[in-house]
Amino acid sequence: MLPLAPPAPTAFRQWPNVLEVSAATVNGRTMPIRKPVLDPPFHIVRASHVELNVRDLERSRAFYVDCLGLLVSDEAPDALYLRGVEERNHHSIVLRRSREADACALGFKLASEDDLDRAASWFARRNLPTAFPDIPYQGRTLRTADIFGMPLDLYVQMDQRDSMLQNYAEYRGARIQRIDHLNCFTPDVQASYDFYSEIGFRLTEYSETDGEDPQLWAVWLHRKGNVHDLAFTNGLGPRLHHVGLWTPGVLDIIHICDVMATSGYLANMERGPGRHGISNAFFLYLRDPDGHRIELFTSDYLTVDTDLEPIRWSLTDPQRQTLWGQPAPASWFEQGSGFSGVVQRQPALTAQPIVAR
Amino acid sequence: MLPLAPPAPTAFRQWPNVLEVSAATVNGRTMPIRKPVLDPPFHIVRASHVELNVRDLERSRAFYVDCLGLLVSDEAPDALYLRGVEERNHHSIVLRRSREADACALGFKLASEDDLDRAASWFARRNLPTAFPDIPYQGRTLRTADIFGMPLDLYVQMDQRDSMLQNYAEYRGARIQRIDHLNCFTPDVQASYDFYSEIGFRLTEYSETDGEDPQLWAVWLHRKGNVHDLAFTNGLGPRLHHVGLWTPGVLDIIHICDVMATSGYLANMERGPGRHGISNAFFLYLRDPDGHRIELFTSDYLTVDTDLEPIRWSLTDPQRQTLWGQPAPASWFEQGSGFSGVVQRQPALTAQPIVAR
Amino acid sequence: MLPLAPPAPTAFRQWPNVLEVSAATVNGRTMPIRKPVLDPPFHIVRASHVELNVRDLERSRAFYVDCLGLLVSDEAPDALYLRGVEERNHHSIVLRRSREADACALGFKLASEDDLDRAASWFARRNLPTAFPDIPYQGRTLRTADIFGMPLDLYVQMDQRDSMLQNYAEYRGARIQRIDHLNCFTPDVQASYDFYSEIGFRLTEYSETDGEDPQLWAVWLHRKGNVHDLAFTNGLGPRLHHVGLWTPGVLDIIHICDVMATSGYLANMERGPGRHGISNAFFLYLRDPDGHRIELFTSDYLTVDTDLEPIRWSLTDPQRQTLWGQPAPASWFEQGSGFSGVVQRQPALTAQPIVAR
Amino acid sequence: MLPLAPPAPTAFRQWPNVLEVSAATVNGRTMPIRKPVLDPPFHIVRASHVELNVRDLERSRAFYVDCLGLLVSDEAPDALYLRGVEERNHHSIVLRRSREADACALGFKLASEDDLDRAASWFARRNLPTAFPDIPYQGRTLRTADIFGMPLDLYVQMDQRDSMLQNYAEYRGARIQRIDHLNCFTPDVQASYDFYSEIGFRLTEYSETDGEDPQLWAVWLHRKGNVHDLAFTNGLGPRLHHVGLWTPGVLDIIHICDVMATSGYLANMERGPGRHGISNAFFLYLRDPDGHRIELFTSDYLTVDTDLEPIRWSLTDPQRQTLWGQPAPASWFEQGSGFSGVVQRQPALTAQPIVAR
């Protein structure tokens, strides 16, 4: 674990003068919610994949493949490439054998190679890292990072595998269809929101503190047209909070609860099942054998309209987390996966959500 | 195939003078519906199992185990013993390798060994066959037959296996829970109804011809408290029409449709999925590789009340078969599994149900 | 509230010498589990209905009818008669306007008028109360009580209403089909189990304390062929713990969670949804506006076999209550509805189940 | 009914020289599938609404509101404005009282007012009609038509209503969430495909004739990121084949089958329920009281990737229409809603799909 850096949100807030560009009045408030950037500097299509370091690849395979039912696209002595039943992209979760159980990078698919070049220029102009390492099964890939150092892999092309969507006899476990989103801790939700808004991520829902000077506590941002591709929550960061995987329906999530509870994975069920207030999705949170958090998620709503107004939730509304009222456990608020080699910072905002005692 | 015997329902109708015993007025009609016999000569608990002859045991195993997901309790070179996930009884379907693809016997579980002795006496008094062959994995078993020669195995004890109801990781295919019922063709529905009523089967629903002298076309009879353990439909008989297997819910049936349609079993899907008018259950009819018919069935209703009035359906009501109106294919009305060595008779009643052209 | 009587389980244990009658070895233990009484002194068909006193009939109607979706069979100025969509019996829940919010009586349907006479004799011989009050919409009804004074209404006939099972357009709320069971606190689970076993209730599952001299903590007893008609849990009693209502499927329970959480009934959701270890059913516990507890319940299993072995659960097994591990809240263990005018006693057994802090 | 114009696909094929612009090799074939236009002349967000003429508004209200459960946003003496539970846009279906039961226009939402101006120029340059009529509850709306005269309403802003997504107590019928797509007959699928491709619609699946010179039979085109916003099938056209409405899950479709079959709408159920081969969605086709066709549709897949390869289906593959094999009825292939005042043409292509006899 790297030493924690002191809180430094103010510096980051000075980064782009984005508020001048597109400040907006939403729900009668002028700040801090912004208009969506409809013509971004480059086109991100969606959250595409994540690379996780795990300490015991066989143990992880038992969890992700034998229990949850993800498909194996390829395996190497030190890596396992996984995808859901509808996915033609080679991988949406990559597991790498490692001594440390942390996260490597978040992968986003871009619309074209031109977009990838524009992305490289855009990050370079902001003095953020740019490299084009060779990545197995992927085309040209820009490895960069956001303002807090969170590693991002941007690419256009990935090797294709057959969609198994209509190979129903191969469905197992939770019948996971595809990756849906990535959710991260950030030490400064406002700064992360500003940064990703600038490159075209659009806000669908957010929670903030009450009172005269409300502060953003969490934001849900999308590119692909549902509630999110990327979300940020206030906390020690950057860290990966969870990877969201889409299932066909609610009963697939109920079934995997029954499976996990009766096949040695009871302790891996962290929260749920339940209905989120935010996103309206049905959910279950799991912890993999290394503690990486997985959300099974289904049934949110369409967000493609350009005039879609973001939905505000008070941080103290117990139904924002779980419509049915059950508070999340403390671990859910506190624990996450660090990014390999990235310094973490404490958030400046210390408001307290509702936690199950 | 044995030569067909000529229609002879009249003779069979002379068998027991049962109508004197318990004739009843139901729905304003005096015939042919009877009051339930609440204190039968011996206590049958439920339909328990069926033994089917199949020509290729490996092909049948692929269908019943790999596709439908039944559990294997035991296998021998010439037999396969199957059960559903909640069943502790050793088997509910027995498949035997044979040159002919027909049915051997219908199994019913009795309440006690005393009931079994009373059953043997009862059948013997009526000059129906009684034998006590050794049956693997079963206790003392009375092999007898009904008035049309349909073979019945009555027993009390069977070897027990662990219920796998809470071994959810072992659920496969349609997640079949248990056997629910047996449905047969008879050349004389009235006579079969009279016979089985006498030994305690209770009527829940029936269809009959319209007009001044209505004739029973089909009856649904139960012992265990839902719509049926045993049903009879007018037709060349005795033949087994289908074995009904219970699934946890509607989506398990939808899923097995998707599985079968995409794994080489499309032609084995004969009818449905749909909602029955009769029984209100959700259903799917399949044909196994030898043509034996299986129904997946779920969500009927409770019938334990002794004053439950049977529900009448007109034979010409298209919703009795399928609430949503789709007619059944001709094969569904015409085809069934003969019983090994049993002469079949044509029915006297020739009314025509609604058939898909 | 009546004054509590002191614990007196020993006296009650002396009541019937039932253990001599049918003591049994189950799972290698000789006590306290008994063989089922298959030929009881009179035949109870099933748990049929419950009568609850409520303080505000309009408020209760909003809960049971407008929210949960029960059908109104009849209403009077001081009473509301409710049933589920498949029920032809006139009522399964009766709500009576009252100054006290307690329970009146538990209703059980018998097989015949002869059984009712035999029941009256049986209770009278044991010096338990017997009366035949006029009850609206019911035939001849024996009002009696068990050894702890818990009021029981035994009857055969009830006015019949149309089944609405195939009037799908009338389905509302949780689409409740029928009453399933009644669950009660008793000050002596062993004594209650002995008493109800004697009149034919059969044990399906039980939990008991660990150690050399295990004590019954809770029992699930059935007549109709699924896990229970009647259950008892150790606690201040007699009190009604909850009324169990059957829904067609899991998603009906998920939907009513969504409805209640967003229409002013969030605080009425006490526990769940979840999967029980015991019974394997999917469940949700609600509190009505007077605090009476309702369980929505679906998908248990068939228990008609006479050789069905009861399933033992250790009181300290967290999965017995909820397969997925979540403990029940303290209110669920502590609170219940007293019976009108009936003295309650503290249990002698003080073992502690796992409670959510 | 307007007189039919003779087939004239050749003329239409001369319209845009679009194949030069972006001809592509897909699945090893050079024609007639094209690369997606990722930078279209104006940005359409999604299929948004449809306006239908009906002859009896009360009868239509009973069907759409009382039975299917759509919400009423507004009603006028001659019009009814409907939306699904998640929709904030004022209407997705508008019903207008009329002497003729035909369709008025298909509505598409654009990304910005600039896009609307660019659209007007684009259509004007091609000598297609452009007008800006006042439309109630909508902002500036371009009324234009495609090359076959099919009326299109393009707009950006619509009055907003509260999303009822979390007002679960208001869910009724099929619990319809939102409009999903519009499906039309065209006399020349290739020409329609070419036209809509040019303005950014992207192909996800298609069916074509077999043989050396395959001809497009049907195309599924999207803007919003699932299988389609707009589809075309070969046939007398332009006509509206159906409006697709999204439901939360499969069981919502099963339930509305049960409702319709038992509340007087049996004859309005035209096809299904079933699983499409194309799109993999679960579906049910209905006919409203005027014969307009509605599809309830759920659970397709994500199509946002710019390198997504369209899926080809042979016209003679019975599983393209229904994965489970049931052919569609002849009415489904033949009948559709004409557009008010628009001349229809016979298609040049006369290949025959598989039809239920």
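Each chain carries a letter (A, B, C and D) given by its place in the written order, and its residues are counted from 1.
To be clear about the criterion, a contact is a pair of C-beta atoms (placed from the backbone, for glycine too) under 8 Å apart; a residue touches a chain by one contact, two chains touch by 3 or more.
All figures in this text were calculated on a predicted structure; none of them were measured in a lab.
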Relative to subunit D, largest Cα-centroid distance belongs to chain C
Of B-D and A-D, the pair joined by more C-beta contact pairs is A-D
The distance between the C-alpha centres of subunit B and subunit D, rounded to whole Å, is 46
Dist(centroid_CA(subunit C), centroid_CA(subunit D)) in Å evaluates to 52
So, in whole Å, the Cα centroid of subunit A is separated from that of subunit D by 33
For subunit C, residue numbers touching 2 or more other chains are 166, 249-251, 258, 261-262, 323
Residue positions on subunit B within touch of subunit C in the complex are 38, 45-46, 86, 88-89, 109, 111-112, 156-157, 160, 163, 165-166, 177-178, 224-225, 248-250, 277, 280, 299, 301-302, 304-309, 323
Contacts from subunit D onto subunit B in the complex sit at residues 250-251, 254, 257-258, 261-262, 266, 269, 273, 275, 282, 319, 323-325, 357
Seen from subunit B, its contact residues with subunit A in the complex are 67, 166-169, 171, 249, 251, 255, 258-259, 261-263
